[in-house]
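Per-chain residue numbering starts at 1, and chain names A, B and C are given in the order in which the chains are listed.
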Amino acid sequence: MLIAKNVTKKFGELVAVNNLSFEVKKGQVYGIAGPNGAGKSTVYNLITGNYSYEGKIEFNGQDITGLPPHRIAKAGIARTFQIPEIFPSLTVQKSIRLGSRFGARGGLDLEHTDKIISFVGLTSERFQNTRLLNLLGKKKLMIGAALATKPEILMLDEPMAGSNAQEIKSMMELIKKINQELGITIIIIEHFMKVLTELTETLLIIESGTMICCDKPEIVTSDPRVIESYLGDAYAESK
Amino acid sequence: MSLKRMVLILCGFYCVMGIMPLFVGDTDYIMNILVMILIWAVVASCWDVIMGFAGIFSFGQVAFYVMGAYASAILSVSLDIPPVFAIMMAGVITGMLGVLVGLPCLKLAGPYIALVTFAVHMTLIPFLKGPLGRAIGSGGSQGILTIPPINLLGFAFSSEQLVPFFYLTLFLTIICTLILAFIIKSYWGTAFLALKDSENFATSLGISAFRYKLMVFAITSSITGLFGALYAHYVGMLSTKMLSMDVFTILMIMIVIGGIGKYPGVVVGAVITVTINQLLAPVGMYRPLIMGAMVVVLVLFLRDGVIGLAQKFSPLQRKLG
Amino acid sequence: MVFEIIDVIISGLINGSVYALMAVGLTLVYGVTKAFNFAYGSFYNMGGYFAWMLLIPVGLIGGYFSVFFVAIPVFFVVGYLLEKILISPLRKHDDWEMKVMMLTLGLSLFMDFGYQAVFGPRIKSLPGMIEGTLELGQVVLFHQDIVIFILSVGGMICFGWLLNNTRTGMAVQAVAQNPAGAKIVGIPKDFIFAATFAISTIMVGLGGILLSQKTFIDPMGSTNIMIKAWVITAFGGMGSISGSLYAAFILGMLEAFVGWHFGMIYVQIATLTLLLVTLTIRPRGLMGRE
C-alpha cells in the first residue's frame, strides 16, 4: 500500500535518512523504532511531503513524491505529531470537523465526525476549547482530527510518550480499535518495546537514518545488531 | 466571539452611522469625519482579518489602499474610464497585486513577511514620485489633482454633497463588512485560524496553506484597494503623502484599540481613532508625535483592545469562561 | 571614467562599512532576542542629533573623541532601559512578536517627530571629523572617509572580540543558540536580552554619528535607514553575522553604482527589488540556515 524506494534526505552535511526502502501492507500495524535522532520523525515528514527528498514514495500505486502536504492528506494519509499540535483558537468539535471538511474526499460529513468524537472519547469535551485539554486529550484530539479525514493510513508519532501505565493501556486499545474496527492501516513510531511487540506485525529499526533490520517483532528484538545499537544488553537479558 | 454578538455590534454601529446624517447632515466637518470612519473601518477590518485571523504579519495595508486609489485615479484620468468602473477595476487590480505580494511571502517566516510587505510600501513612494510612476500617470511628486467624482445615472457623488456620498459609502461598507464577517465565520475563516495556530497540523488535515494564504491576501487587498479607490474619487486629489508613516500609525492605532483578532473590535477602534485624529488636528506637527506615543502606550497597556476590556468586565462572559 | 568608477567603489566601500556596523547590531539583536525592531532608524538619527548637540550648541571640548566617549555609555543606558520598559513586558504573551513590531513602529514615529519638535524640521549637518585629502595619483581620498572606514571596521572587530572573549559575549551567543539551555546553565536571559538591545543601540548610534558627517541629519530619513539595515540583515540571513557583513558591502556597492549610473531615485527601488528577489529564491537569506 505504501512503498518507499531508496529514499534519502540530507540536511546540509547531515544525512537524516539514508537510502531507506520499506513497504507497508494494507491492514497492517507497522512499527518504526530506533534511538533518538535516528530519523524516525523525518521519515514521517518525508511521507507527508513536508520536506523534499531523493527517491520515491508510492501510495496505492500512485507516485506521491513531491506532492504538497495537503494533497497527501487528501490522498488518504493522516498523521499525528510527537509534540501534540492543536488549534488553541478552536473547540474540539470544530477541530475535528475541520479535518472532515478539508481532508475527507467527500467533504464535511457531520455524522462521521460525531462518530469519531465518541470513538476517541471526547464527547464530554466537544464544545471545550482545545487549549484546555490535558496531554491525553490533546493526543486524542489529534487522532480524532486525523481520523476525520477518512484516511487509509494513520501514522502515529510516539503516541505513548509522557503517558502513565493506565493511559498507555487505553491508547493501545484505541489503536487496536482503529486498526480492527475502522480497518485503517497504522504506522507507529514508539520507544516502548512492549507496546510495539504487542501491537505490530512488522517492525522496522533504523539508526542514523539507515535501516538496521525489518521483520516480525519477535525476530527483530532478538537480532544481535538491534540489541547492540538500540535495545542494549539489559533488554536481551530481561527476556 | 459568537456570531450573534458580532452581528449585534456591527448592526448597532451601522444603524447609528445610518441615522447620523439626520442630525449632522448639514455640518460638512462632521460628515467628512463620518465618511472617513466608514472607509477606515473597512480598511482596518481587512488588516485585522489578515493579521489577527490569518496571523500573517502584513504591513502592506496602507500600500494596497494607495495602490487602489492611484489605480482608479489613473484609469479615470488618463484613460477616461467612468469612475464606477475604474473603482471596480482598481479592486481587481489590487487583488491581483495582493496575490503577487503574497506569493513570495508564502515561504517566509513572520517577521520577514512584515519586512517584505513594508518594503512594498516603501518602494511605492519613489516609484510613484519618480519617472516610472510619471510614465503611468501618477503625476510625480505633485500627485493627481483632477480626479472626477463618481457619476451614477447622471448623479455626481462628490465631496460637494456629502450626504449622498455618505450613504453610497455606507452601502458599500455594509456589503464589504458582510463579506468579511461571512469569511470569518465560514470554514475559510476556520482554515485561516487553523493555519495560524499550527500550519503543520492544518496542512496534515488537508488544508492548503498555499491556497488559503493567497486567498487572504487577495480578498483583503482587493477590498482595501476598492476603498482606496473610493477615497480617491471622494477627495479628488492624491499624492504620496498618503504613504507617510502617520497614516500607517493611525491604522495601527485602530486595530490596537479594537483588539487584534477581535473582530469587529476594529470598527470601534476606527470610530475612536478617526475622532481623536481629528481632535488633534489643531496641534499640528505634534499630532504624529502623540499618535506614536499612543501606539506605544496602547500596545503595552491595552492588550486585547476594547473588546478585551468589555469581556473582562462583563459578568456573563466570565461565567461562560 | 575609470576614476569615476574608482570613486564609486570607494564610496560603496565606505557606506558598506558603516552599514555593516549597523546591520551586525540589528542581526545580533534579532538573533538573540527575536525582537524585530522597527525603530532602528530612529536610533541612527539619535546618534546624529546627539553628536550635533554636543558639538554645536554645547561645544564639547575634545571634539569627536569626547563625543564617542560620552555616546557609548549613554546609548547603552538608553537601549537597556527601552528594552526593559517597552519590550520585555510584551514577552510574556504569545503574540509578542507582532506586538513588538507595532510598538517599535509607534516608537519610531514618536522619536522622529520628537526630533522635529526639538531640533526643527530642517536637515542639519555635522562637521567632519578630520579635514584634508590624500592624493594617490588621480584618485583623491578624503581623510574623513578613511577615518570612517577604519572606525567602523575597527568597531566591528572590537565587537567580534568582545563576543568571543568575554563572559557576557559568550552568554549572548549561548542565548542565541539555545535560549532554554542557556537558562538551565544559569545565564540571566532577561539581562542578556536587554544588554544585546543596548549593544545594538550603540552600534547603530555610532553608525549615525559616522555617516551623518557624509550625508545630513534628516529627521524624516530614519525609515530609509531602518529599511536599509533590515534589507541587509534579511539579505544576509537574519541572525547570521557574516552574512550581514557580505550583504552590507554588496548593498553599499549596489547603491553607489545605481545612484551613479541611474540616479538616486532608483537606489531604493533597486535595494528593495534585491530584497524581494533574494527572499523569493532563498527565503532565509544569503547565509541563513534552513
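We take it that a residue touches a chain if its C-beta (ideal position, glycine included) is under 8 Å from a C-beta of that chain, and two chains touch if they have at least 3 such contacts.
Source: prediction; values computed, not measured.
Measuring from the average of all protein CA coordinates, the nearest chain centre is that of B. C-beta contact counts were set side by side for B-C and A-B; B-C has more. Centre-to-centre separation between chain A and chain C, using Cα means, comes to 48 Å.
Annotation: 32 Å between the Cα-based centres of chain B and chain C.
Chain A and chain B have Cα centroids separated by 43 Å. Residue ranges of chain B in contact with chain C, taken from their complex: 51, 57, 59, 103-104, 107-112, 114-116, 118-120, 122-123, 125-127, 129-132, 245-246, 248-249, 252, 256, 260, 285-286, 288-289, 291-296, 299-300, 303. On the chain A side of its complex with chain B, the touching residues are 48, 50, 68-71, 73-74, 78-79, 81, 85-90, 94-95, 98-99, 101-104, 108, 142, 145-146, 148-149. By the touch criterion stated above, chain C contacts chain B in their complex at residues 30, 36, 86, 89-90, 93, 95, 97-99, 101-103, 105-114, 116-117, 121, 223-224, 227, 230-231, 234, 238, 265-266, 268-269, 272-273, 275-276, 279-280, 283.
Of all residues in chain B, those touching chain A in their complex are 187, 190-191, 193-194, 196-198, 200-210.
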